[in-house]
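In structure tokens below, several structures.
Two complexes are shown next, each including subunit A; its partner changes from subunit B in the first to subunit C in the second.
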Partner chain A sequence: MQPVNLPKKRELYDVFANILVCVFAVANLFPLYWLFTSSLKNSSDVIKMPPDWWPRTFTFANYTEVFRNQPALRWTFNSLYVAGLTTLLVVIASAMAAYAFSKLRFKGRNVIFIVFVSSMMVPKEVMIVPLFRITQDLGLVNSVYGMIWPNVAIAFGVFLLKGFFDSAPDALREAARIDGAGEVRTFLQILLPIVKPGIGALFILNFVQVWNDYLWQLVVGQEKESKTLMVGIATLMQDLNPNFAYKMAGATVAAVPMLLIFILFQGYFTRGISIGAVKE
Partner chain B sequence: MKLLRNQTWKENVTGYLFIMPQLVLFLIFIVYPIIEGIRLSLYKVQYQQETFVGFQNYSTLFHDPVFFKSIVNTIIFVVFIVILTVGFALFVSSAVFDKNAKYVSFIRGSYYIPVMVSMVVMSMVWGFLLNPANGLISYAAREMNLSTFNLLGNKNTVLPVVIFVTFATNVGQAIILYIASMIGVPKDLFEAAEVDGASRVQVIFQILIPLVKPTTIYITIINIIAVLKIFVVIQMLTGGGPNNATVTMMYYLYNNAFKYNQLGVASAVGVIMFIITLLLSVPQLRAMFKER
Partner chain C sequence: MRNKRLSTVASFLLIIALLAGCSSNSASSGTDKGADTAASGKKKVEIALWLTPQWKGVFDATEADADYDSFFKYAADKFAKQYDKYDVKVNVQVVAGDQRDELLNVNLNGGTPPDVFFESAFAMGDYAHRGALVPLNDIVDDAAKKDIDQGYWDNVTYGKDIYFYPFSHNPGTFAYNADMLKAAGLESFVGGDNEIKTWTMDEYNQILKGLKENLPKDKYPNAYPMALYALNNQGDTWNLAYLRMFGSKFFDDQGNIAIADEKGIQAAQWLKDIYKAGYTNPGAESVSSNDANAMFQNQQLAISFTNAILFNNAKADMNAGKSPKFDIRLANIPSISGDPLTFTYVVGASVFKSSDATKTEVAKDFVKFFSSDPELVKASKNSIPVRSSVVAELKSQYPLFSAYDANAPHMFSFTGNVPGYSELRQVLYPELQAIYVGEKTPEQAMKDYQTKGNSVIQKARESSVLK
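Our next item is the complex of A and B:
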């Protein structure tokens, strides 16, 4: 802020570019607006042309129908359980590993870390056939645990948290050792509280990622009752029921939890997503 | 001496114990599937019976016109979606990054919300909007007397539509990354350019874009890999059709594995995709390790 330059003239390009950015931003949200408003229309209004841009009659009948015709509550519970437990396990396993890679000296440390990080780039979907057969052999098809374990194996959390452990000073650890704290206590009571922001970011990012992990959950959850919300709701699109308002109500049910998470934790996303990128 | 060796031995064991849970899961659910996938790609699999067939699955693949179609489509998707994503995200981020924080977070949010609600939900909405009988877009197309209103049923329009839907849903992530990296560019660089009388467009092209190049590389690679496994939008919007016009490698793999029960062939597709992603991620990995 230099007062000398004020009032600064905005360049024409800047003005136009920002107007366009705003127009596109609103346009980009239009499909979601259409989703919500359509879900509140009745079965004939929803396909009326020319359309009602704002619902004339509000009805929640589509929502009650989704929960009555489909085990949507069960699906929601499955999704919460899968996303919650996966994330909890990811945080535990990757915090331990990241601590070791950052602070402990052991043979093969660098090689193992490089292998972990390299594996992050390969989507598990390309190995879906052998992965499914293992899941089958372990008896985990149609089980939430079949959806959980393969996602815990992904090393993204190790990579993310190692950066946070690296920035915690080694002196802290040494001080704890001199006070006679063992490795486990040093980890749990001294280092873990310091990397809390990293754990927060990992928790949110991973929860969303698992919640939206469609293909693997589609393959594992084959029985109606064992589906997750995303997979279950997606079946509504093929449902014989021609009422689009009903389908849109289902999609809204699947969208709302993620919207809430985003609104509540926006800061974590911005930080968490950027951490994975190369720093300048 | 003995004490020292005891010390390093203890450090080693502690280290291994700490990485043990992650390592075990990694071996079972990542390393083993890769090895098993390569093995299966050399076998004909019928239920519990496996017969070694060498490279027959691969030669089957390369004689299947649908597989070729899936490669071509996947390449088309990757090229267009990545170019659109990088170009548009650069445009948006360079326009807003130096504005006030509230505005930046509003723009970031608007573009990121579709990413959050996921491709499944967005595909459902787009499926409704594009529905030939009662979708809003089909209605608009009819009102404007366009030659086709069934945009998903026409093989000339279906690719651009899928490209657009995927791009519009996922561009928010690139925007978040670019804004973060542009905010990190030192302010004095812009001030110096301003003193020299550079216009904003010049500043963007000559200072900003070169300086965020590492971010561009990162965004390009993660998007290539993400589009390479494009599946949800295909399954939900087109089912690979019309007439295989939108079959992708992942969709082809999925159908072979879980519909046609061709596990060997599906594994071979997986191995090919695995090699491609591995090659693509080399520059990114090199950049990550150079930092250390």
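Our next item is the complex of A and C:
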């Protein structure tokens, strides 16, 4: 009778699968580990053969040099401010627009929505010159607001949140209206709490997108003090500096904030990328 | 409760709007500042100067707080103090070499290019062809023409006009680690301290083989004989030189690429052979010239590319304890004829067209000032001065000036003065990558480079404003 061996086979399969997952996880994490530990070494130790898998002497001199030679703290602040405020504004604008497209009845609603969503197909690079001219005319070049405002009206947020609003029953809105709630109160107190997971997902996805918006931030933040962390660190990488550990420290400074944000909002992030994968 | 919520949202939006409103006060492009009247009574003019990293410090990298913009900040201050036409402020901004074209193109299209750009003329030549630069003939006087050799003026003349004011030049050669050559038993190939050694192709192949086989692994672990890179277009002039090693002229008499001939293919094959033999660093397709330079400074490579500025920077880094100390010397890129292959970058300032005639006037005056002021032109010693007066004054302190001078007859024009050179650079490195990863044979890669490159040149020729 074969079925007796099934649990054992299953167990073996699980062990094998777990080993495989661990191998891939280590392979993926190793560059990060190497980046971080190398940034704590002396330059000559970074290129040593055979390599030191764990730093023999720890030094923070490379980080000191990054922050002393470059306005890296200012860049970090700029990045956090740009990504944070842009995302906040995107969430507010997208939630209101998505609510309107989902729950309000008005003429041409579907056509406007299709036009709106089709703008997602146009890559930003195509619009960069006219966008730059507008930003220039508004006096927002070399200002963090020049990096923020053009990123606020994005169709992706509306598209994402509309799906969440659609899944909330219309009866809830009708009941609220019968109980005397106005449109704003219905939106803020009844439906917004229901789409909270969607807002979380949008927040983290948009934050990552703005944080990594290299090209736009490069052309808008031209002065040293107005650069963001990604652009500033990329410039630092161009420096003709033979100290590998210094460049590793720069790359670590650029990577750490995003890693922390990912760890903090991991749940929302995975939920965001798995939206639509499961039909409920 | 409802009113409370509403007022919270309204307050939040108001704060955001106020924040945005404040931004326009702090916004300053540095490229679009107009003229105003200062308290001194002189009209206030702000111009923007951009540069790619050249040398650190005003005159020397050993100065306190030496940075890439030190010289221009100092020059701008000196200029403003003696300038009687306007009250001038020069905003100096360093842009990374690989960000230059993205930033320039967006700003040109946005109508806000910098007023002055200090860079190697070859990298900016396309902007002259596109009609974005103003001719500088009117600020070049007889004294400058006499002091700067005609060869340099030819290098910065497009059509009939001068578009760059030569400041210094930056000859490209090899740098080698004499200690590593000696350790590999190759003492006989080591040149003098102040010599640019010329090796034959046979000698060079012997050196590579000797380094590969005899370099002591305990002293130089993880080290390779020669630098090879093809990640991007940075440092590609040396790759262009390697393709000339077997005698290819590279450009024909009509200004088209002619590298897919026997000699060009032989050179590409040689590159592939030394790569496969392990005479170079591995992974050339994903190594940049910056990486190679850092590897050389960390003694992972025995021979690498260099120019006068990089060579001086490497020595300064050693003296400052930023990189290991070793005996660094210069050699020429060898060729099958036995003559050295050498080239130079003429470095200087160009002035971008502006709708504001005052800014153009001030930009030109500033360029003339820092390119001819007797004190400021001495900063050209960080590479090689183009002014014979400066060379004469400083050659006793810098013996290599004479060695570079002796190389001059062997110089080749790596751009061929063809239009579209910047875009042409984008075509070469993918073909070299294809050779190194084995995707294409050297012959196929050279044929493809020639076809694509000539198409770029043809298109640029048709759209050039310079006839």
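Please note the rule applied: the second predicted complex is superposed on the first by the 250 of 280 C-alpha atoms of A that agree within 3 Å, B and C clash if a C-alpha of one lies under 4 Å from a C-alpha of the other, contacts with A are read in each partner's own complex, and residues count from 1 in each chain.
Quick note on the criterion: a contact is a pair of C-beta atoms (placed from the backbone, for glycine too) under 8 Å apart; a residue touches a chain by one contact, two chains touch by 3 or more.
Owing to the predicted nature of the structure, the values given are computational and were not obtained by experimental measurement.
Under the clash rule set out above, the superposition-derived model of subunit A with subunit B and subunit C contains a clash between the two partners. In the superposed model, A:S44 makes contact with subunit C only, not with subunit B.
Comparing subunit C and subunit B on the residues of subunit A they touch gives the larger count to B. Of the two partner chains placed by superposition, A:A61 touches none, neither subunit B nor subunit C. Legend: residue contacts after superposition of the two complexes on their common chain; A:Y145 is shown touching subunit C, with no touch to subunit B.
Contacts of A:R133 after superposition: both subunit B and subunit C are touched. By the touch criterion defined above, A:L192 reaches neither subunit B nor subunit C. Touch criterion not met for A:L172: it reaches neither subunit B nor subunit C.
Legend: residue contacts after superposition of the two complexes on their common chain; A:L80 is shown touching neither subunit B nor subunit C.
In the superposition on chain A, contact of A:N243 is made with subunit C only, not with subunit B.
By the touch criterion defined above, A:K224 reaches subunit C but does not reach subunit B. With the shared chain A as the reference for superposition, subunit B clashes with subunit C in the stretch 275-283, and the other listed options (275-283, 365-373, 383-391 or 401-409) are free of clashes.
In the superposition on chain A, the residues of subunit A contacted by subunit B and by subunit C overlap at 47, 49-50, 128-129, 132-133, 149, 215, 219, 234, 237, 244.
By the touch criterion given at the top, residues 8, 11-16, 18-19, 21-23, 25-26, 28-30, 32-34, 36-37, 40, 91-92, 94-96, 99, 105-114, 116-122, 124-129, 131, 133-134, 136, 139, 168, 173, 176-177, 180-181, 184-185, 199-201, 211-212, 214-215, 217-219, 221, 225-226, 228-229, 231-232, 236, 250, 253-254, 257-258, 263, 266-267, 270, 273-274, 277-278, 280-281, 284-285, 287-289, 291 of subunit B touch subunit A in their complex. If you check the complex, the residues on subunit A that touch subunit C are 43-44, 47-50, 85, 89, 128-129, 132-133, 136, 138-146, 148-149, 182, 184-185, 188-189, 215, 218-219, 222-224, 234-235, 237-244. Against subunit B, the residues of subunit A that register as touching in their complex are 11, 13-14, 17-18, 20-22, 24-26, 28-29, 31-32, 34-35, 38, 46-47, 49-51, 92-94, 96-97, 99-101, 104-107, 109, 112, 114, 116-119, 121-134, 149-150, 152-155, 158, 183, 187, 208, 211-212, 214-215, 219, 230, 233-234, 236-237, 244, 247-248, 250-251, 254-255, 258-259, 261-262, 266, 269-270, 273-274, 276-280.
The residues of subunit C lying in touch with subunit A in their complex are 2, 5-6, 9, 16, 19-20, 23-24, 26-32, 53, 91, 93-99, 102-103, 106-107, 109-112, 221-222, 290, 293-295, 297-298, 300, 310, 313-314, 317, 322-324.
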